[in-house]
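Shown below is the structure under consideration.
Labels for the chains are A, B, C and D, by order of writing; each one numbers its residues from 1.
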Amino acid sequence: MNLTSFESIVTQYKTIFFDAFGVLKNHQGLLPGIGKTFELLERENIDFFVITNDSSKGPSELAASYQRQGLTQITEEKIVSSGMLAREYLTHKVKSGSVAYLGTPESAHYIEKVGLKTVSIKDLDLNNVQDINTLVFLDDEGFDWSNDLNKTVNLLRYNNITSIVCNTDMAYPVAKNEVAIAIGGIAKMVQEIVGKKFIRFGKPDAQMFIFAYEHALREGQHVQKNEILMVGDTLVTDILGGNKFGLDTALVLSGNTLPANAETRILSSGIIPTYVCESASI
Amino acid sequence: MNLTSFESIVTQYKTIFFDAFGVLKNHQGLLPGIGKTFELLERENIDFFVITNDSSKGPSELAASYQRQGLTQITEEKIVSSGMLAREYLTHKVKSGSVAYLGTPESAHYIEKVGLKTVSIKDLDLNNVQDINTLVFLDDEGFDWSNDLNKTVNLLRYNNITSIVCNTDMAYPVAKNEVAIAIGGIAKMVQEIVGKKFIRFGKPDAQMFIFAYEHALREGQHVQKNEILMVGDTLVTDILGGNKFGLDTALVLSGNTLPANAETRILSSGIIPTYVCESASI
Amino acid sequence: MNLTSFESIVTQYKTIFFDAFGVLKNHQGLLPGIGKTFELLERENIDFFVITNDSSKGPSELAASYQRQGLTQITEEKIVSSGMLAREYLTHKVKSGSVAYLGTPESAHYIEKVGLKTVSIKDLDLNNVQDINTLVFLDDEGFDWSNDLNKTVNLLRYNNITSIVCNTDMAYPVAKNEVAIAIGGIAKMVQEIVGKKFIRFGKPDAQMFIFAYEHALREGQHVQKNEILMVGDTLVTDILGGNKFGLDTALVLSGNTLPANAETRILSSGIIPTYVCESASI
Amino acid sequence: MNLTSFESIVTQYKTIFFDAFGVLKNHQGLLPGIGKTFELLERENIDFFVITNDSSKGPSELAASYQRQGLTQITEEKIVSSGMLAREYLTHKVKSGSVAYLGTPESAHYIEKVGLKTVSIKDLDLNNVQDINTLVFLDDEGFDWSNDLNKTVNLLRYNNITSIVCNTDMAYPVAKNEVAIAIGGIAKMVQEIVGKKFIRFGKPDAQMFIFAYEHALREGQHVQKNEILMVGDTLVTDILGGNKFGLDTALVLSGNTLPANAETRILSSGIIPTYVCESASI
């Protein structure tokens, strides 16, 4: 396995897209040395965005958590999350009625900010749903799985309702050697039971990369796709999605993909990163 | 749609296999007139078995519920359930250690009867699992979905454990226009998250029909496959499974498959029953 | 089923995205009356694009076929095809070496125009593939299925090669009551056999819609997503993709979705168009 | 990885089920030393069967090929193939009409022996199919893939026809580092395009093991499931199927599963063999 130094490649690009978990942080907090990488970006005037399949909080809360840990360069404007993409969808497509949701009040708060009426599945009366046209899967917390997932299945079986999933991940890490089932995994089970098509937002879907690219352009930057590097620890989301969107990609071995099996995984998946680096720390 | 009278065909067979829900009973209890069918079978000396994807109770409890409703012909020996198949597997394959389970104590009680030690996932200490070699998905009740499913995912991720699913159904009816997520649906979600292969027992799998066939032979009967009729309300489980095993099959329109779309469903699925009947009642 | 007149809605939008087959044409040629729709668009100064999962020809050849039939408004610039998206990918990501392909020389010709070296799988020597870094599935014609698909499987099994599929469809209509297997269906079989992840271009993928949207903006138009109407005959590609991208959508009943089952299909799929119209003809 | 000597375990069982490819033979012929294993079985009066997902030939032709190579113990009665299972299905279920097939005349010959009328898809007139009630996928050779697979898709789309797949494998080895697409892979593509349910025969399906078990009993032997050892080189077919049927299982490392990754594959799949042995040779 031919490893490239991250420092040697990062300065060749105008904009960097970073995955969050396994690249900037892990279950113990920020990765050692990642602060230096952001100092380098600042010094060299290289733009960046953090692209994350997270809909449990709004971008300001996500940014605040980096700030608290000392990564002051990651401000709200630097966050691109699947939750933001879902909110944009709802803004465009839901013109009246209420949006039912599975998640915490905090996760719903973010979509309420654009003026949408929301109702938690746990408070919904199944005999009175004519006002509901959309269901949003936001977070795996904030509801009773047994009671509220059965309610969700029955809501979808007999009503014309569009279902939105704000996180394509099946599970997420909560500690060393411990994961939790993500709302993406739960939504997949519900989808198979009701047999309908859900709209899913998150990497590796192209819409996530388009959304980040639009953010990169919004700041007045002129940046071409071949001037952007996508950095991630997971082949099937970060690298596949980046490749498909036409970006150069760097697989880092600080998270999901271990140094011992990176080569095997690349060959067996057919997902080929432009570079493989030990980590994004310098 | 060419309908056949059930009475006119049932007497042509030596043994009848009945699906339970949608054929013998529905959410309101026994189907009207089904008692007469069993009187006819008795009179004509036609053998029968009830084949059900149910692992929430043992066969004696399942039979008792028919008896209470007046269908006295359905005794314990007439029940063939996916739970019984799972118990047979455990008897053959688990020679030591403990079996972890998701379900009620009642569902576990049935597998304890053959001398197996069981432990509910909710009582399991993840730091002390070296005694566990098998996990059984028994029932959707008896545990806290959020807490115990996350625990299950972490148990399976890091240990060499065989997973057994005792019910292949994704959902089951609990009232008119109301279903509940079945343990088969939950197990499928866990399987996709951990990426392992589970052993699943239940229709349409051939093993369920073999098991029923063995029961038919056990009673000293000499019966050939072409002397058996499988009666069910669901194309993808009852009819597909019966056809594959080489049996004649009768689709009844008293449950899952409605008269209005039976013809379309047969054409679109390619699953072709030998007969289509209004119901198994006469 | 509440039908809306296409004429009454089309003038409410600044830009129309049309699916091709089942909307503008069918196996017999252009749909009767579709010419009038394009005259209306011209008169009202409404922009439009034809969005098609077709990689068998370049956009000029696709446009020429409409022109020959009298739809002179459909020029090369109005075509947005999955083949164009694939070519853009190749331009960004393939910087050296050769691109192997399955398809006709005509389909390959289109990607050669941007300076890429191509080699048909049928001419490829499996002992001499170090120059190949990408495989493109272009068309179901132009090669021997048995010989060249086996060759493709062996090429992909032992080499680090990125696979690109330029058409997500499984089949396409060739006559009334007759379809043919599309290169998208063939690619799916190869993908399952080799167990790798392929990059697939075509509706309902968001990248297809962003590509069309970029074309809409390129002409100097200022158009918002909510000023665009996507018109299609297929729920799972046209309508799902348009909805997800944030567009209003019109399902027409002149192709894949028949008037008799439109309502059932919408309810059973959970894919809800903004409007349902008899056809795009006026 | 704790390896067990095959010789030390084989004599503990009354009957051995062997997978063929990767266990008894590979692309170069019989595995070295496998003859001694069969001499031991003979000497110790241990019964055996060869269980193979092969429908390209009948059992006598399959046995003849072992005999030619000197393994004279493998006679026709010792072969249990997915093709035999399919023939049994056809015998039970097809009472009139013709069976269409994809495969060589040789593969069809085997099913013709029981009196069934067959017609190759390549000779079928799509305008005259009312006599056809079943389609059988027999072999990947003997027809023109492009022409005859398109014909198959159109046959199934508009007619009530049961489809039988006689080999569940997606590919099979033809030389060192070379595989060919199996009829099971082709059938899966057709199934997805037409959206129907096919009946599939072959390992790991339980029906294959019950069929072998019935053969074991037919010879007058009294053998219990726990007195049978299933020997295979593939976790997802041989070992999973054997485990599920309640047999002890031995994974051999002479074929599909390499010594270097056996441990990882067992942990990642959750398919746990009773033993792991270097090979079945002694």
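Going forward, contacts are C-beta pairs under 8 Å (C-beta built on N, C-alpha and C of every residue); 3 or more make two chains touch, one makes a residue touch a chain.
Just so you know, these numbers come straight off a predicted model, no measurement behind them.
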Farthest chain (mean CA position) relative to chain D: A
Where chain A and chain D are represented by their mean Cα positions, the distance between them in whole Å: 44
Distance between chain centroids, defined by C-alpha means - chain A, chain C (Å): 28
Length of the line joining the C-alpha centres of chain C and chain D, rounded to whole Å: 40
Per-residue multi-chain contacts in chain C, two or more chains: none
All touching chain pairs, where touch follows the definition stated at the start: A-B, A-C, B-D, C-D
Chain C residues touching chain A - in the complex, by the definition given at the top: 88-89, 92-93, 156, 160-163, 194-199, 205-207, 210, 225-226, 236, 240, 243-246, 266-272
In the complex with chain A, residue positions of chain B that touch it: 140, 144-146, 149-150, 153-154, 157-158, 170-171, 177-181, 185-186, 188-189, 192-193
